[in-house]
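Structure in structure tokens, see below.
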Amino acid sequence: MSSPVPTLVALLHGPDQPGLVARVSGWIFERGGNILHADQHRDMEAGVFFQRVEWVPANGNASADTAAFQAFAASLGMNARVASSAQRPRVAVFVSKFDHCFHDLVLRHRAGDFVGDLVAVISNHPDLAPAAAAYGLPFYLIPVTAADKAAAEARQLALLRELQVDLVVLARYMQVLSADFLEKCGGPVINIHHSFLPAFAGGKPYHQAAARGVKLIGATAHYATAILDDGPIIQQDVARVTHRHDVDDLIRKGRDLEKSVLAQAVRWHLENRVLVYGHKTVVFD
Amino acid sequence: MSSPVPTLVALLHGPDQPGLVARVSGWIFERGGNILHADQHRDMEAGVFFQRVEWVPANGNASADTAAFQAFAASLGMNARVASSAQRPRVAVFVSKFDHCFHDLVLRHRAGDFVGDLVAVISNHPDLAPAAAAYGLPFYLIPVTAADKAAAEARQLALLRELQVDLVVLARYMQVLSADFLEKCGGPVINIHHSFLPAFAGGKPYHQAAARGVKLIGATAHYATAILDDGPIIQQDVARVTHRHDVDDLIRKGRDLEKSVLAQAVRWHLENRVLVYGHKTVVFD
Amino acid sequence: MSSPVPTLVALLHGPDQPGLVARVSGWIFERGGNILHADQHRDMEAGVFFQRVEWVPANGNASADTAAFQAFAASLGMNARVASSAQRPRVAVFVSKFDHCFHDLVLRHRAGDFVGDLVAVISNHPDLAPAAAAYGLPFYLIPVTAADKAAAEARQLALLRELQVDLVVLARYMQVLSADFLEKCGGPVINIHHSFLPAFAGGKPYHQAAARGVKLIGATAHYATAILDDGPIIQQDVARVTHRHDVDDLIRKGRDLEKSVLAQAVRWHLENRVLVYGHKTVVFD
Amino acid sequence: MSSPVPTLVALLHGPDQPGLVARVSGWIFERGGNILHADQHRDMEAGVFFQRVEWVPANGNASADTAAFQAFAASLGMNARVASSAQRPRVAVFVSKFDHCFHDLVLRHRAGDFVGDLVAVISNHPDLAPAAAAYGLPFYLIPVTAADKAAAEARQLALLRELQVDLVVLARYMQVLSADFLEKCGGPVINIHHSFLPAFAGGKPYHQAAARGVKLIGATAHYATAILDDGPIIQQDVARVTHRHDVDDLIRKGRDLEKSVLAQAVRWHLENRVLVYGHKTVVFD
């Protein structure tokens, strides 16, 4: 549960060295902060230390601590990202025609599951405009065709900048974002893929799954990277299927997986629980 | 539970046509048989009908019914395999050095989980000879090297024929069987692969999984075919892992998956619940 | 998937006897019907036979077959219920203030998951009236107080009769229906309880679960009976929790269980897959 | 994975207060120790702080640190238990006639899954004596009858003391240990119950489950207390069942649950990951 008092969360990682836990907690303690949660991990093989620490700063210290902690972490040779619970991330949801992940995200948001704000629904199709309107969410129609994809992405990027979006969520958005978009976007982009990656990357994964005769179908939430369906995995889940399930059944059963896996990944990201390093994620859940 | 009275099980499949359920059940009824279980499936797209039917034949009719049913099925244009519960399949287990699936299969066998008999443990290494001896199981050491693989496979095939083996189970046997072996073997070969195929086919799947940063690891039991890790899938299962699990942890957690998935596949196969067609299986569980 | 051609589904059960599968399928075949699915079960101990059979009747035979099959089943000493896919069941959803199951059911209904129609939302609180209106669903406010409970139930019953409701779904409706209501209602009432029954029956199950320190929480969909939380169970599922989850977390995690378990039970019921006998259900999935 | 260098693990809990994380890590750092893992939890409602911290003490400091840490924790008003990885706990397994948990524990032990030693198999029946002998494990037959139960428990207690047993594991031991035994035993006793407690406490839980018609069966590992099946729960898991599964099937499927749930609980306990407080456990996994 989020605390009513503003808290700071730092995600840090860097070369392992003795005493890191003591130094970080000592630093916070000396500045009058109180640690609520601290979780760390060591990749023994790579010699890397990872930590998520959440604390209540001393009265009035929140913004000073943010900058000071980053400097402190740098002095330890660590990479740090510090976020305040007082600043709610701004989220844009990209959709096309499928609406299940869209409804699911919005309803969870309204139930208070996400520490962030939905500021835009962006789509290449007009289909979900009425649903967005019913929820009181701003809807932006930016059609995309093969010929004008670059121009469409430029419009999307301008909109994200204008709305100061911190996180893009692809809720079954049926266009591949270009490497150029991802680079210029700057911020994180979470995608939901409807298979247990790395199996069935690319198009029509449920058809691939039916053709291969697997006994489990899955869904994978990952950060989008320039290589399709290859970004760091945040969350995965599977459901059992049998020979009785045809492709339509897989699609229906898969919707539940897609909804819950995407929602979990977005929730963790917004709570600053996900640390990407290399091709992988450390999720402090 | 298996019935104390001998029963017959037929697995049949072929082009769908109206009245198949009625004709099959009618045939059995007219010959004085009593159906215990009947399960069918239609692949609507391919127009194929599948059925597993288990019945108690009229007194003394068991062997006559076996042949007669096959002729009857052929008259419907169906492919049928009929087995009697009075004839327990003979199973050979291939092992190398890993012993977890081996112990698991033997202990389940002793607990009465399998309607079949373990008649041979065949290995390319001597390591499990004492364990086999302790269980009172015949152990055959057939070393395999790159140079003499063909000769070793010839010895294995001769042994399988001599022991009248009906099913070969590869319980983490660390050699790839040649296409030639599989063809000459004739009978089914069940393999356990330590990933959720088709992800991480080939060697060292736990290392591949750790490198990709997946959040689930899996195991897959499948019939071995000439193409490695590509045969029809019988059963799959997964377990959740996190960044805290290194390759050794994946190997340890994976052992439980390998044991239960392989055992389930062997159990279903021995109970004549698995029907292979094309690249897939229909499992009447 | 539901067939575009009208089909009939019969659920039958009664004393086991030889030849039942053959007789039922023979009867359908002789009247020109074609069996799409047939699934049966024997309770060996109790000597009871259960069957679900779905068939395409001969052209124009649908309503004649319905009555004729029931007579035929009676002649076998079997209890039968026959439904036609041409008649979609009419469903009333009872709600109070919690909206997650309500939204979930409506969105699944709109996605085509249910072979039935939502004809009424009935509530003891006005809170969900706007949400029902946004979905275009008729909303009926029937407040309930301790003093006027009998009168309120009488209004509910009158409404159910007027709307010719076939199934009542309690989507986290926070009132206990009286034995008198259940008897007069006549039709089935599906309830969702937020624990893995029989554990934590009664009020505040998440608080009970937190107090007991269980490592799994669950949800149970069951037919309501006069004894609270004791009716035949249709579906159950669980999710893993740890010491880190407080009661609020259990409630949040539990919402996902409640949604999927209730939806699955409603789906099965509407497809005539659930047969109640004694205190239990046979679910032909 | 356990470290080859000896490490210390402290489990501590007590009233929450600011700076605890910093003080504990500071104490270890100042004495030249290096923290490998530190995990903490706050029960916000009860105001209790829990921590598991594992560190490599400075060279030659292991035993001094053990005592010193306990004194330090006491000075913070905390309750602490400190264990060294150099001292492997001694485990006695109690069995009766069922052998699946017994084989499972021994095989996992031989595979190196447990940081502890199996020093005795104690049984009220002679059935498993040959199996224990085959594994080279000392087997102690202590028959128990209603008349001589107190005497039998006295013999068990004497044996546990003589063998300096640190942990008793009831691997489907079919006798209820008296409150007197548990009190005199002193150390922890882990039991496996074959239901998802608190459902189906007491005898014949699979029969109870079949009678109630649940769709999931479970197993629960818990610390034994004077009240039957009511001790703090360490681990639980469930498996799906249908109407097709009779009591014998539940028993067979349940064996797999019992094995894995008990093994997981024993593993966690031996790695000092389980902290009991009140009626519950905190498991630092």
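Which chain is which? They are A, B, C and D, in the order written, and residues in each are numbered from 1.
In this text, a contact is a pair of C-beta atoms (placed from the backbone, for glycine too) under 8 Å apart; a residue touches a chain by one contact, two chains touch by 3 or more.
All of these numbers come straight from a predicted model, not from anything done at the bench.
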item	value
Counterpart interface for B-D, drawn from C-D, B-C or A-C and sharing over half of its contact pairs	A-C
Superposition of chain B upon chain C: rotation angle, C-alpha, nearest 5 degrees	180
Contact-richer chain pair (by C-beta pairs counted) among A-D and A-B	A-B
CA centroid of chain A to CA centroid of chain D, Å	37
Distance between the centres, which are taken as Cα means, of chain B and chain A, whole angstrom	41
Where chain A touches two or more other chains at once, by residue number	246
Chain D contact footprint on chain C (complex, rising order)	41, 43-45, 50, 196-200, 211-216, 218, 232-238, 242-244, 246, 279-283, 285
Residues of chain A that touch chain D when the two form their complex	18-23, 25-26, 28-29, 34-40, 42
Touch list for chain C against partner chain A, complex	1, 100, 103, 107, 111, 113, 134, 246, 248-249, 252, 255-256, 260
